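Two complexes, one shared chain (subunit A), two partners (subunit B, subunit C).
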Partner chain A sequence: MAAASQSVFDLLAYDAPGWGGVMLGGFYMSLKLAFGGYFLGLAIGIGGACGKLYGGPLIRDLMEIYTTLIRAVPDLVLMLLLYYAGTDALSQLLALMGYGAVDINALMAGIFVIGAVQGAYSTEVLRGAIKAVPVGQIEAARAYGMSPLMVLRRVTLPAMLPHAIPGLANLWMIATKDTALLAVIGLSELTLVTRQAAGSTKAYMLFFLAAGALYLALTLVSNVVIRLIEKRARRGLVRTA
Partner chain B sequence: MSEPAAIPAYVPPKARSLFEPHRLVLMAIFAVMIFCIAWFMRWDWIPQYSGKLVSGIGETLLMLFATTIVGFFFAVPIGLVQVTGPKPLAWLSLVFCTVIRGTPLLLQLWLLYYGLGSLFAQYPEIRQSFLWPYLRQAWPYGFAALTISFAAYEGEVMRGAFAGVPRGELEAAQAFGMSRFKMFWRIWLPRAVHRALPTLNGETVLQLKSTPLIATITVVDVFGVISRVRQDTYLTYEPLLLLALIYLCLTGLLILGFRTLENRIPSRGA
Partner chain C sequence: MTDPQEAIRVTDLHKRFGPLEVLKGISLTAKQGDVIAIIGGSGSGKSTFLRCINLLELPTAGSVAVHGETIDMKTDGQGGLMPANRKQVERIRSRLAMVFQSFNLWQHMTVLGNVIEVPIHVLGVPRDQAIATAETILKRVGLFEKRDVYPSFLSGGQQQRAAIARALAVQPLAMLFDEPTSALDPELVGEVLSVIGDLAREKRTMLLVTHEMKFAREVSNHVVFLHNGLIEEQGPPEQVFGAPKSERLKKFISSIH
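Showing the complex of A and B:
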């Protein structure tokens, strides 16, 4: 029995006969996708929230359409659409510019897809957080003669951070789990790699449980880090409840 | 007696009109886009697949409602034991929620379908049992995965809702001499569900958006039908656009339904 279980866990060994290295590679890919997509989404979100709050009527309406559409359609469907449309548009653009057929980096495409989806959600989170900043603070900054960008950088963004962190933390969790959906598109991140490993060794339970442990570890570590960030962002605030 | 002078009802600040100039322009642009999509893309496959599409939508909705309802029944005890204890049970359900919420649904689905499925097939006792014809199909695994996931997310919501019911109301129920069960059934559960209702509605919409995942284990929901269309016709965008439209409509209907439901439940104005 001991020998048998020994041989089963050998499948998780790092080197070639085992799949451990491949799985860690997939995990690294998932991490890159989650980080890239999350921060792209955050950038879109800051732009979107400012557009919704301070933009003209046209920009507001366009932002509203963007967030409503993205939030009403399943992520999986959106990812398929954006993946094909995005890569198609980019390759046609490159062809127009005379580069000929170019293979588009799967990682970049994946980051773009996750970022576009996350952007809609973080727009809403950041909009709510910015609205929670007392208007007087922003007015005071304006009275000092700060330019709008400086108001954003020095006052609005730092002041809204404590309000935004719970929502943003939630979004980070969603981003890490959304990377798994890219397996359906064929990006070799953790879930797809796991399925390949499981399929070729027939040790389904072992590999899926191992992948689950990796995802769970990521979540738990993220939780700790988020708690630290939250503590830092809330320093100096009156504790509620 | 004369009618008291009608107090003017509170009129919320008027929503901006739909017919402002820039909106008219936007609408014109979208109309042109929709016309182009309808005119220049290939839609001749729709009549051929319309029957399958309708049954696919039915499957999606069936999965949605079955898993949310069953999942909710699991969520109530999961939330409740975390508030009341006993400690080991509370700890167990906390671990359950953390594990399920900390791993992707797709992975859980594949773990159940490929992992448990292959495990079941190894045991002749299971292969000969009356359950085997069901266990060979894909939908029980999809159903199980979606139910477990909904129960975990909802258990967390219900924990907060149970904990948030004011103590005074429960004490009042006790003072009336209600038994613990009656107190739970008449006061604690209804108040908790009432508090959790907006979140529950949001979670149901999220659940609708998770259902397409079951197509990856060969359950033929609307996403599965569309994947089939894409394989048959070699079209990339048209089926996906139609799919997005279908989900858009389903989400809209769901939200509308919940809004009417919420308006029918009396709550003290806040």
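Showing the complex of A and C:
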């Protein structure tokens, strides 16, 4: 069957020979990468921000090196580097430890790569937000006998949230789009499968528009969720114009 | 040696910020039920003294005992002191309720949330019991209707009364007031003083750093005048305010009125 004779609906049909199922599968993969990478980055960011703010000189220097290096190198280069060199180093390490050749899960590697990049940016967003928390609130928590960890959990982190959300929301948007860079390492995320679909059907416009629509839908849904989270986080603050 | 009847005993407290010695050896004992007013000009060290008691500032030398229990300190290797036992400090702090000049309520929690926070998370009181106690206290300071409001939507006077409610909720062994009315608009000072006055009259142990001389005279049973990091003069309020002996205190009192 010639490509030209296929209708849009045939091409986008869920089941083969339509490419809808493959596209959605790629989208699902992108979502997993974005979620995994973002939350890994957030965890690294909390640790990194605390390390920079409360750590000793050694920890502070290490964090500084991490955030500087990651933010200095283009994401694409980092991804190639971390993916190929990183997985290579890991499998050699595992081989040395006597585990033999290990196949590293591509999804995990992708999440790790995005998380490492996001972590550096999250560290800076969270560090700024924590510094914006009025000292008095942290002092009151200490004065009432909270342990350092409890101060962080009960006061510092919730109090810094309103300051962090605009920056963190930005990072989430970037994470969703950064997943597309992972196409270069052969992860079957949305951009890669779109290229395959477009290449084998020659319906370039159709499939790239479809992919664009999926990215757009993700952004629109994210906006709604972020607005709800921000409203909740700012509940204790007087609205300013 | 130590007496549990003594709510707070401070012995020869020194505090140095770099080259500046702010406290030059202060000793003070508060027995249970004492209301001690600490007065003095700005820079006299009165707030620093109060903040050394719960170790928000670490003293350079000297010791603090609460209810007969001396807080263990060790040297920090740089000529100062640091707590030897973090758990002990946290336990003692949780029962030394502090009321701050700028309220320092937790902005992401409602008034009720602020009042039940320490009982639940630090003292381990069951949630429903903490809420019941908190509601009684909030009625007492006149904020029961505001219990679900966030602090930034309240007036300064209301915020400070909420902060006093937070302090009362830990059933404090002693209360530390650090200039509780200094950040308030003049018309809001009265409502806060009246709450503190009530607490003083029911013989709660308190140390009160204040600029409200008339109030200090009314509610305290002992007044301490600090000057340049030392106790210049102390005694019952009638004596300190009525018949000051030192020149500096005379000058300070006349400058206030």
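Here is the rule we use: the second predicted complex is superposed on the first by the 235 of 241 C-alpha atoms of A that agree within 3 Å, B and C clash if a C-alpha of one lies under 4 Å from a C-alpha of the other, contacts with A are read in each partner's own complex, and residues count from 1 in each chain.
One rule holds for everything that comes next: a residue touches a chain if its C-beta (ideal position, glycine included) is under 8 Å from a C-beta of that chain, and two chains touch if they have at least 3 such contacts.
The shown structure was predicted, so the numbers you read here are calculated from the model rather than taken from an experiment.
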Quick one: on subunit A, after the overlay, do subunit B and subunit C clash, or do they fit? Just give me the call.
-> fit
Between the C-alpha centres of subunit B and subunit C, what angle is subtended at subunit A's, in steps of 10°?
-> 100
Kindly classify A:202 by the partners it touches after superposition: subunit B alone (first), subunit C alone (second), both, or neither?
-> first
Could you look at A:98 and tell me whether it touches subunit B, subunit C, both or neither (first, second, both, neither)?
-> neither
Look at A:136 in the shared chain and tell me whether it touches subunit B only, subunit C only, both, or neither; answer first, second, both or neither.
-> second
Would you check which partner chain A:186 touches, where first means subunit B only, second means subunit C only, and both and neither mean what they say?
-> neither
Should A:80 be classified as contacting the first partner (subunit B), the second (subunit C), both, or neither?
-> first
Report for A:146: first if it touches subunit B alone, second if subunit C alone, otherwise both or neither.
-> second
Pick out the closest CA atoms of subunit B and subunit C after fitting on chain A and give their distance in Å.
-> 15
Residue overlap on subunit A between the subunit B contact set and the subunit C contact set?
-> none
What residues of subunit A sit close enough to touch subunit C in their complex?
-> 134, 136-137, 139-147, 150, 154-155, 158-159, 161, 233, 235-238
Touching subunit B in the complex: which residues of subunit A?
-> 57-58, 61-62, 69, 72-78, 80-81, 84-85, 88, 173, 176-181, 183-184, 191, 194-195, 198-199, 202, 204-205, 208-209, 211-212, 215-216, 218-220
Once bound in the complex, which stretches of subunit B touch subunit A?
-> 16, 20, 22-23, 26, 98-99, 101-108, 110-111, 114-119, 208-213, 216, 223, 236-237, 240-241, 243-244, 247-248, 251-252
Which part of subunit C faces subunit A closely enough to touch in the complex?
-> 54, 56, 86, 89-98, 100, 102-109, 117-118, 121-122, 150-153, 166, 170
